[in-house]
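Two complexes are shown next, each including subunit A; its partner changes from subunit B in the first to subunit C in the second.
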Partner chain A sequence: MTDITSFQFQSVDKNVSKMDVARLRLIWAIALFSLGFMVLIGRTLELGLADPVGAVRKTVATKSGRTVIAPVQMARADIVDRNGEILATNLETSSLAVDATMIKDPKGLARKLAEIIPDVPLATFEKRLSSGKKFVWLKRKLSPAQKWKVNALGEVGLKFEREEERIYPHGRLAAHVLGYVDVDGNGLAGLEHYFDDEMKAGSSQVDIGDRTLRTSLDIRVQFALADELSAAMRAHSAVGGAGLVMDVKSGEVIAMVSLPDYDPNDIRGISKEALFNRATKGVYELGSTFKTFTFAAALDEGVVTLNDGYDATKPLRISRFLIQDDHPKARYLSVPEIFTYSSNIGTAQMALDLGTERQQEFLNNIGLLQPAPIEITEVGAPMYPTNWRKVSTMTISYGHGIAVSPLQLATGISAMVNGGRLIPATLIHQTDGVREGKQVIKPSTSRQIRQLLRMVVKKGTGSKASAIGYRVGGKTGTAEKAAAGGYNEKLLISSFVGAFPMDDPQYVVFALLDEPKGIKETHGFRGGGWTAAPVVKNVILRASPILGIAPKEEDEGLYRQIAMKIHDDKKR
Partner chain B sequence: MRKGLVILASFIAVAAGVAVLLLKLAVHEKEQELKALHVQIKRDQEAIRVLEAEWAYKTSPSKLQDKSLRFLALMPPKPDQIILTPAVVPLRPTGEEVDSNVDVLLPERIRKKIEEATKGKSRHKSSREGKAL
Partner chain C sequence: MTAFGFGRTDNSLLTRWWWTVDRWMLSFVFILIVAGMWLTMTASPAVADRLDLDLMHFAKRQAMFLTLGMMVIVSISVMPVLLVRRLAVIGFVGSLVLMVATLTIGPEIKGATRWLQIGTFTLQPSEFLKPFFFVTVAWLLSVEFSDKSFPGKKVAFGLFALCAFMLVRQPDFGQTVLISAVWMAQMALAGLPMMWLIFAGTVGLFGVGLGYAFLPHVTNRIDRFINPESGDTYQTDKALQAMENGGLLGQGPGSGTVKLNLPDAHTDYIYAVIGEEFGAIACVMLLILFAGIVVRGLAHLLKEEDPFKMLAASALIMQFGLQTLINVGVNLALLPSKGMTLPFVSYGGSSMLALAINVGMILALTRRNRFINPGKDPLGWKAAE
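Up next, the complex of A and B:
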């Protein structure tokens, strides 16, 4: 009995404790659930009260509360000119491929495709369509109209693949600066090649800002230069031409032209001649334009002053060379006259007084003995004698026996007129507009060179470059082309380098014609003063309003002193 | 009392559940909208790129020159036709100047409006009152 009661007691006891346990568990469960709900409530409140912008910021990039969508990522960055005009851009396009296993009537389809895409031969289509392969390209980069027509065929085996195509909206304009890309979008020339890695998407290389490459070119000036140069090239039946417009204060290349040129949109079957960049890769003996450097060196070193002069009555004979003048005056010439009338005899004597070493050092200083540093890969190395003898000194003084690229010459001339600072040329837009440069001549020498250059246009060989109102100064250059064992006097390189406005030079304009022929309008002359100088003049007339240079009446007082030292024989 | 509490609690729970579900659906819908907008913006950006390239192609200097020669009787300006500031134009009419640029004059009808508004306050200069140099 006791056993039973005790059992009962025990069981009751057990029951009670079971209830307690259950209740306890229930309380725990409720507590946990409540806690969970509290967390949820708390989180809901937090989300409800939180700053919506901040919450969104984590998922989408925003800017001051507005959602910003990343711009369309193309495989290559755009290239624009200094004003933001598009020079090269990537556009989406479609390429046509085929799964040849799904084609039932290859011949019939090939005929239809050949009608739509005429630049691929019928046989190619037939071969590819009946190849039995799973994937064969039929035509890369279709035009939208072609895509539409191919789609209308309704053939299931044909596939379109999304691709990007590089477009150069301005065609031939600035082709040599921009370069071109291959079918897979790899840069092969010009800026496209030099900045290939930077332009490709996802590159962590040098930042080219906003995924566009802003060049220093001004497409309007580029066109003015290209148009004038090609007109002169046609008129004189020249085989080639080169031209440059450069900002003397920042070294920015505003325009760079090389003729013949090519269309970078379609690079198939282009001759090497057209691809060759005469403005940077071509090196030429540029003739008398080099006298500017000889004069600058001699004046800067104090070897001569503008009051001195040299005897130019008869040609100089040195070893087997005969140095004579193209525009002989056959008299004693003052230093300004030697420059204005482009006397080789006078310049050669001046170079002798300057000395070989100082001449070499000076030319080295202004970067004429090294390849020009510029952002394209087609850069020609200058050619000069390894053994710089006395006769080399004399011929180099007037630009023979040394070959440099037009870009190097323009950079050097910029330094001569901008106050004596050598600023390396660049194709990249400089936001501040002025760059520091190495001082290569004294500002006072630069002033004298400006006066001399102005005199050449006012009174000397460069009168055809006189763009009224724009105070142009410059120097003509006419050189015979080097041929096997000497010079071919029938073939010329005629050039003109001009700077304007001469009272405060802003731009250097250079024009070169390769093998120009004399015509009736130039009385058969084909030198720089007759062929290249008018190009420079026309370019200045067209480009000045664009570049913001206003025509102005000239301050004659600037040149009075130097003008008195130049005697015009015809006037007497 | 206790029963009421349970009913109330379950009612709140169901209501809250429904509200959260509706909220979720609404958010989902907004997200879809946003996604669609993104797609639309991308497509527009693509279109803008194409249009910009086309604009550059059609306004290329060589094409503009060609059109200008064909349709306009305009020649390049001569240096003596270019002046530094409009102020030196002979017999230039005077008038109300634009605040931001003194070289720009307001057109006649706007000038008249201003004149009417300021009538009586001050006599306005006649626009034909030429200024000879």
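Up next, the complex of A and C:
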């Protein structure tokens, strides 16, 4: 009995000791698991207290040191003018889409939506709501009021997607420079098209510092130019107009207008005519303004001096062409007189003395034979004869038989007056204000051209451009419009290119009217001197205070010598 | 209690179950199941939408699985210990047969053959193998406690080698590591000498090394974990982003945004979704609930006198706990990516039912009369059964 008991006790003892080992090791397991859970809890709290990566809104420090919430990053860069005035920006809007699988009553819902959004036909709504697709656009870019009303319908299948709408606060102003975007925000014209990749989100092109595109435009000058040009266009019932204001030292385009224009905020149904950029894409035979280049080339090459002259007593016959003057003096004319009175006969003879080759080379040098390099894609290629004969040389000398864009002309004239440096036009703001350019004529020639241009306004065909105190110089241009098989003398392209102040030119102002009609105020005249020159004058009067140019007394000494070469027949 | 109709004098099966079952464990698991249902409802619609399914597809199926799971838990937990043991042995053999079937007829999904297709339901036999295997091993080892001549450890090693081989063949490295770790713990509890433990630990590390060397997806995952630059760490990155986005208090149920880009948001990475939507504090509360089940469950076993019950229940609890630690560790980028579900919270039928069997067996094995404390009983009375 005792044996059995003792055996049992031993067995139990043995068993207990084995269980004790198990228990001891189980305590280890418990400790390990506790440790494991502690680590997980610690790590969870660490992550919970960490700053979220890619937080929706970050704060930034302003220049004054305050911490503010960073502005929402918009998809497309803003466009501003040279003073920072916003020309194009984005507004947040909502677009309406539908999960058509969740719509139970497409017809009823379509009727309700058509009431809220009247510009989409009821049938379109019905078709899209019953399409059975998971995602269909119903209407892009709703107004806040429309969004509110759609929300009030309480239909769960309708969803709003956040979108951005491109807004041009100045509407039509500078439309041809800025261009426009499609509904998905792709630039389709103007700067929007040219800089499309750079302006889209994520890219940080050098051209667009600080996510804004700073243009060379001054929107105030732009308004003055557009206002004056459209007033003249209305007064003369012209079919179109173009205008430019350019900084002669930097090539910056301060204002560029093409009429008729359009509102880039709403491009639906805009005519091709309105979208057409006459200032850069349109090429025109610009007439007498071209004489400036002929004179510059001839003077620079030493073919003539200001003391020479040509006989302009009778029209010039060359093969089947007859070259005659619009303002015939029918006498021997000095070189300054030929320019001032815009004599075709004199200029053509001068061009013959210059020679075809040198004329071609000169025009090529000042960029009139290639499309203008500028930051928009609507650029027209110039037209000129492939077979440049003697007669071409003569007509081209006074601006017929060659068609260039107003931008090319203004760039060329800038080079003529700024001391002879050809600076390509640009629409981008230049911080230093002066750009280097190729020397195309001698500075002394440029000085002579300035004197000649000033004389045109003081004594000749450009007197209507005389903005008192601003020492305007310029040249008129009147050309008959090319028509099938020749020229239509009833339809004119009238233009005036001016520069001011002539003692130290800062800006070139160009105005062009397409098919202006004569009116009582101009005694029925419709040439550049009567129609375009007043536009340039008014623009100069309005823009000078903005551009910081003060009127002042003119130093008559600058022009005494040249004035003596010009004889006014009426006074005699 | 009488409201339930469980009078103490009542001697029916359910009444006896009610008075003897570990009610703490039962209520923890119940809370976990309710929370899991709720969390699946917020995490899974995004995935369902992405897969073009009904938004509540996963939530509905999960509700079905959870209901089934609860029934399994209760029906297994009323079983007497002997029946549990027999169930385990039969289940173990059955699972092994199914695993062989998997290797031959199972479809290959994402480079592995782990599943059997039954209607719309894909069955993963290795999930069921785990609890049955541990209980079977516990039985073999516990026989040694009373009958020293029985070669329990040797047989257990044989079974382990067989299972590990089958798992590596699938290949399922994660499950192999899990089953090895728990089996080792069982061997340790059963009194394996220290020298052997150290040796086995070395072999285990060597095994991981072998897996790294010969299983390409293991190599890949470990490489990515050690050096995230080396490859695609998309899910881990997104999980961390979700946790950080949630902060302490979360974005609110259904308001998570990172979860929309998390492919396994409803299964392996549900913890990160909880972090984003309910916040780190809620995550910690969930972890405490898991710790309550695991640590308290193991501590409760310290008082256990029966070697089989102790070895079986502790192994089952450790399996549950390790699975939790690995899943959450992966979510928090503490461990390399691994196909391991968060018990009762992750979506998935096989793992859910297998865990229900697991928990049911734990409850069955830990039933005792709490009014008789065996440690203080001079006569050595066992808990009434």
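Everything that follows uses one rule, which is that the second predicted complex is superposed on the first by the 497 of 572 C-alpha atoms of A that agree within 3 Å, B and C clash if a C-alpha of one lies under 4 Å from a C-alpha of the other, contacts with A are read in each partner's own complex, and residues count from 1 in each chain.
Heads up, the rule we're going with is that a contact is a pair of C-beta atoms (placed from the backbone, for glycine too) under 8 Å apart; a residue touches a chain by one contact, two chains touch by 3 or more.
Given the structure is predicted, the values throughout are model-derived calculations rather than measurements.
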Contacts of A:22 with subunit B and subunit C, given as first, second, both or neither: second
Subunit B versus subunit C as contact partner of A:220, first or second or both or neither: first
A:170 touches, of subunit B and subunit C: first, second, both or neither? first
Which of subunit B and subunit C A:468 touches, first, second, both or neither: first
Contacts of A:545 with subunit B and subunit C, given as first, second, both or neither: first
Subunit B versus subunit C as contact partner of A:92, first or second or both or neither: first
Subunit B versus subunit C as contact partner of A:183, first or second or both or neither: neither
Subunit C-facing residues of subunit A, complex: 12, 15, 18-19, 21-23, 25-27, 29-30, 33-34, 36-37, 39-41, 43-45, 47-54
List of subunit B residues in touch with subunit A within their complex: 34, 38, 41-42, 45-46, 49-50, 52-54, 56-57, 60-62, 65, 76-77, 79-80, 82, 84
Contacting residues of subunit A [partner subunit B, same complex]: 67, 69, 71-72, 74, 85-87, 89, 91-92, 167, 169-171, 173, 219-220, 222-224, 227, 467-470, 541-542, 544-545, 550-552
Subunit A-facing residues of subunit C, complex: 145-146, 185, 188-191, 240-241, 243-248, 275, 279-281, 283-284, 287-288, 290-291, 294-295, 298-299, 301-302, 305, 307, 310-311, 314, 318, 321, 325, 328-329, 332, 334, 380
